[in-house]
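Read from first to last, the chains carry the letters A, B and C; within each, the first residue is number 1.
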Amino acid sequence: MADMTHDTLAAAGPARPARRRLRLSTIGDHAILIAGALLMVAPLLMLVQMSTVPDAEIMRTGPSLAIGDRLWPNVRAALTESMSFSGRNTGLAMFRNSMILGLGFAVGKIVVAMMAAYAIVYFRLRFATLAFWAIFTTLLLPLEVRIVPSYEITQRLGLLNTWTGLIVPLIASATATFFFRQFFMSVPEELVEAARIDGAGPVKFFVDILVPLSRTMIAAMFIIMFVYGWNQYLWPTMIVTEDDRITLVQGIKQITQGLEGGQIPEYGRSNILAILAVLPPVLVVLFFQRWFVKGLTETDK
Amino acid sequence: MASVTLDAVRKVYPGGTEAVTPTTLTIRDGEFLVLVGPSGCGKSTLLRMIAGLEDITEGELRIGDRIVNDVDPADRDIAMVFQNYALYPHMTVRRNIGYGLRNRGASAGEIARKVDEAAAMLNLRDYLDRKPSQLSGGQRQRIAMGRAIVRDPALFLFDEPLSNLDAKLRGQMRIEIRALQRRLGTTSIYVTHDQVEAMTMADRIVVLNGGRVEQVGTPAEIYHAPASTFVASFMGAPPMNLLTGRFESGAIRLDHGPALRAAPGGRSGPITIGIRPEDVRLGEGDHVFDVDLVEELGAHRLLHGRLGDQHFTAHVLKDMPVREGRQPIALPDAALALFDAQSGQRL
Amino acid sequence: MKRAAFDQKWFPVLLLLPQLSIICLFFYWPAWQALRSSFYLEDPFGFGSTFVGFENYLRLFRSGEYMQTAWFTLVFSLSVTFLSLAIALLLAVKADGVLRGAKTYRTLLMWVYAVAPPVAGFLALILFNQRWGPLTEFFRAFGWDFRIRLDYFDTAFAMIAVSVWKQIPVNFIFFLSGLQSIPKAVREAALIDNRSAVSRFWTVTFPLLAPTGFFLLIINITYSLFDTFGTIDTILRNNPGDQPITLTYQVYLDGFRGQDIGGSSAQSVVLMVVVLALTIVQFRMVERRIHYT
């Protein structure tokens, strides 16, 4: 080993620490990101701030940096006092309605979609191709482009101001069906074969194998669909006219109309209602961030 | 062309892993140096520090006469071939190969000429206008090579460039890369976990283990004079037999076996004794080899079994008659390598 | 269909029944209705309807009001799409690049995804409040007397601003995931091949994001056309007057409030054609292998 140039194991030699390059660009990157984060967060903070100070002060100065003590009275008022004369659309009642819409839509859509996708992927159907196209054509046209005839049909069926009339027409699009179909197609074929050899029928296979396998997918779907359902505006505005069915998101317009009133507009209470309208979906998205992002980016394509 | 010098270069990742302990090493001008070692031993980290893709925690790195610790990868005059080729999927083969030249302000004519040259050298002429996704693994590998040679850099870096190819293509590309490097004379550092690649391609081999250099040497030195039990067992297939033994009354003996030879200078205590399977002589001598299994490999055979109560492998050429069961073997003195039983270092 | 599919005859039909009946009832029937009534003129007193051919469509294209709405919709959609894509791309590239705090930035930049469009409209009314809105005051400092709901341009500006704000997170999430799916080694190869970070972005990163960007383009146009209804309706508070509105809002106004079923149906069909055209473009682009494998 004489001709070896070097193989010292300089165990603790006086090694020169590498010069840290001062990276101006890194500071710039953070500046841009902080500006972006502020842009996103500031409006909501502004709503919170406004609801802590007396309405009369807002009237004069608008949003400021002052934090007052009106938050709890405003929260109480928003939850329990009604926005209109009927007395039936308190914050709590609207919250309940939004929950029914969000959850009902998410659950309904997922159940209907999983059933249909299961039928399409795992059965020999004579009219499979036809069913496939009939279902997936609905991806092409959103509810908004057929909003008026949809309203007329719902009316003709006597479903105005009912949960059915509110939720079922929103389900008439195949997004979730499409994703479940994609997912089922990617499930290894050996699983069905093994299940059949083990004597499992279609129901058993679905319940014991397919549903547990789809858990992540179902969770991601559920988050996306809940947010979508909760945030619906145009359709509820048309279908629901009775105060006791109004959702928070729908109520926003009433809130703003309240701000136009003659006396001191109730900014505190209105802002709390607006915050209440965004809080549940935001929490769901933040809390299940990983599933949500995965679901959105992997399925929406 | 350039030499590369590492002076006590060390890498600690932000998480606290010391991937490379302070390492001092010189790669000579025009040399083909192979870094070999098991997965996770720090080969890629070392290579990526040389490329400038990882910060150097401590120590000094020179390419030629220039200290490059703080020089951007694009300014180090290097080219690198990655394991997954790292081709630009949206560019044609032609644009892939020419991309580095274009960014260095080469003229269109010069780019075209050099790309054609490289394509001719690598048999890529017919594919220049395709996208990488339309080509086979071997062809992509060639594009990656083309991208490296077209720039005529001072240093080639390879990070396991052949490990995604099938065995046959791997053998072929091994020869091609080596021939190409000979022709161009460019200093090259080549990372692999495959000891066959290391042995067949290298001018010199650096064996890494746990972020530490175990041995530097020519393939022959590494094979015949391993510096430690680690090197002895990592290099060579099948690996060197490592047997436990001891110094006893001026001689070396195997545990539960007869004496081998006189010990140098009155030592005592346990040692590890190494012998390459092909250095074993069958049918003579005073050791008893109990063969369990004969592995037929065509040109030669491997005999697996036990010597005393230790696993042992012997390598015999195809003409030798072999059988299972107990038989005498000889372990020639000259072929024995002695290692410290604790540290594993060669004595 | 799987090779080892089940053989039952009626069970799958049962499974499909809910989905099929819902889409027949609430998709095909209304879509057909829209198409049909766009060729009829409904008697305002409910005494049947008369076939009028393309009259409803011609009426639309002759109407200055409709054409102005169409123009506004175009400008609105393009502005919202372009601005929210550009801002989101910038933020995604930066969020992908930093080592520290990447997760916090990601969370802060994406939560607005869950905010309902009407709340964005509500925010516009506060931010641009005539008397004390923070942004009104900001613009006043530059001599711009911002009058939301009174001045056509100012209202449009506010609508675009909050619609962009609401749409940045989706684009951010997709761009970030697109960036993260670019193989690390490809970026490193570029690092060796190209010393300019700006040129690296435009020659390697940006083209590799093209499939994501294209997909987002369609998503954003669809968002601007339809999902912004809540934002716009909240800002206008049922009372558009001569303020800017989009085509979807016009459908709602004419069909639901104005009871002009024929005209509104024709408008619906126009929107359908627009959406279908977008979808076809999308498929064509996918076919032309804008996706790299």
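One rule holds for everything that comes next: a contact is a pair of C-beta atoms (placed from the backbone, for glycine too) under 8 Å apart; a residue touches a chain by one contact, two chains touch by 3 or more.
Predicted model only: the values in this text are computed from it and were never measured.
Greatest centre-to-centre distance from chain A is found for B, with centres as Cα means. When C-beta pairs in contact are tallied for each pair of chains, A-C comes out on top. In terms of their C-alpha centroids, the spacing between chain B and chain C amounts to 56 Å. Each chain gets a centre from the mean of its Cα atoms; for chain A and chain C, those two points are 16 Å apart.
Per-chain Cα centroids separate chain A from chain B by 53 Å. Counting partner chains per residue, chain A has no residue touching two or more of them. Multi-chain contact residues of chain C (touching two or more other chains) are absent. Only residues 99, 183, 185-186, 188-196, 199, 203-204, 207-208, 210, 292-293 of chain C touch chain B when the two sit together in their complex.
Those residues of chain A that touch chain C in the complex are listed here as 25-26, 29-30, 32-33, 36-37, 39-41, 43, 46-47, 50, 58, 60-63, 111-113, 115-116, 118-125, 128, 131, 134-135, 138, 140-142, 144-154, 157, 168-169, 171-174, 177, 185, 189, 192-193, 196, 201-202, 205, 227, 230-231, 233-234, 237-238, 249-250, 252-253, 255-257, 259-260, 274, 277-278, 281-282, 284-286, 289, 293, 296-297, 300-301. Remark: chain B residues 14, 51-53, 72-75, 78-80, 82-90, 99-100, 103, 131, 133, 147 touch chain C in the complex. Of all residues in chain C, those touching chain A in their complex are 1-8, 11-13, 15-16, 18-20, 22-23, 25-31, 33-34, 37, 87, 90-91, 94-95, 97-98, 100-101, 105, 107-119, 121-123, 125-127, 129, 131-134, 137, 165, 168-170, 173-174, 177, 197, 215, 219, 222, 225-226, 229-230, 233-234, 237-238, 248, 251-252, 255-256, 261, 264-265, 268, 271-272, 275-276, 279.
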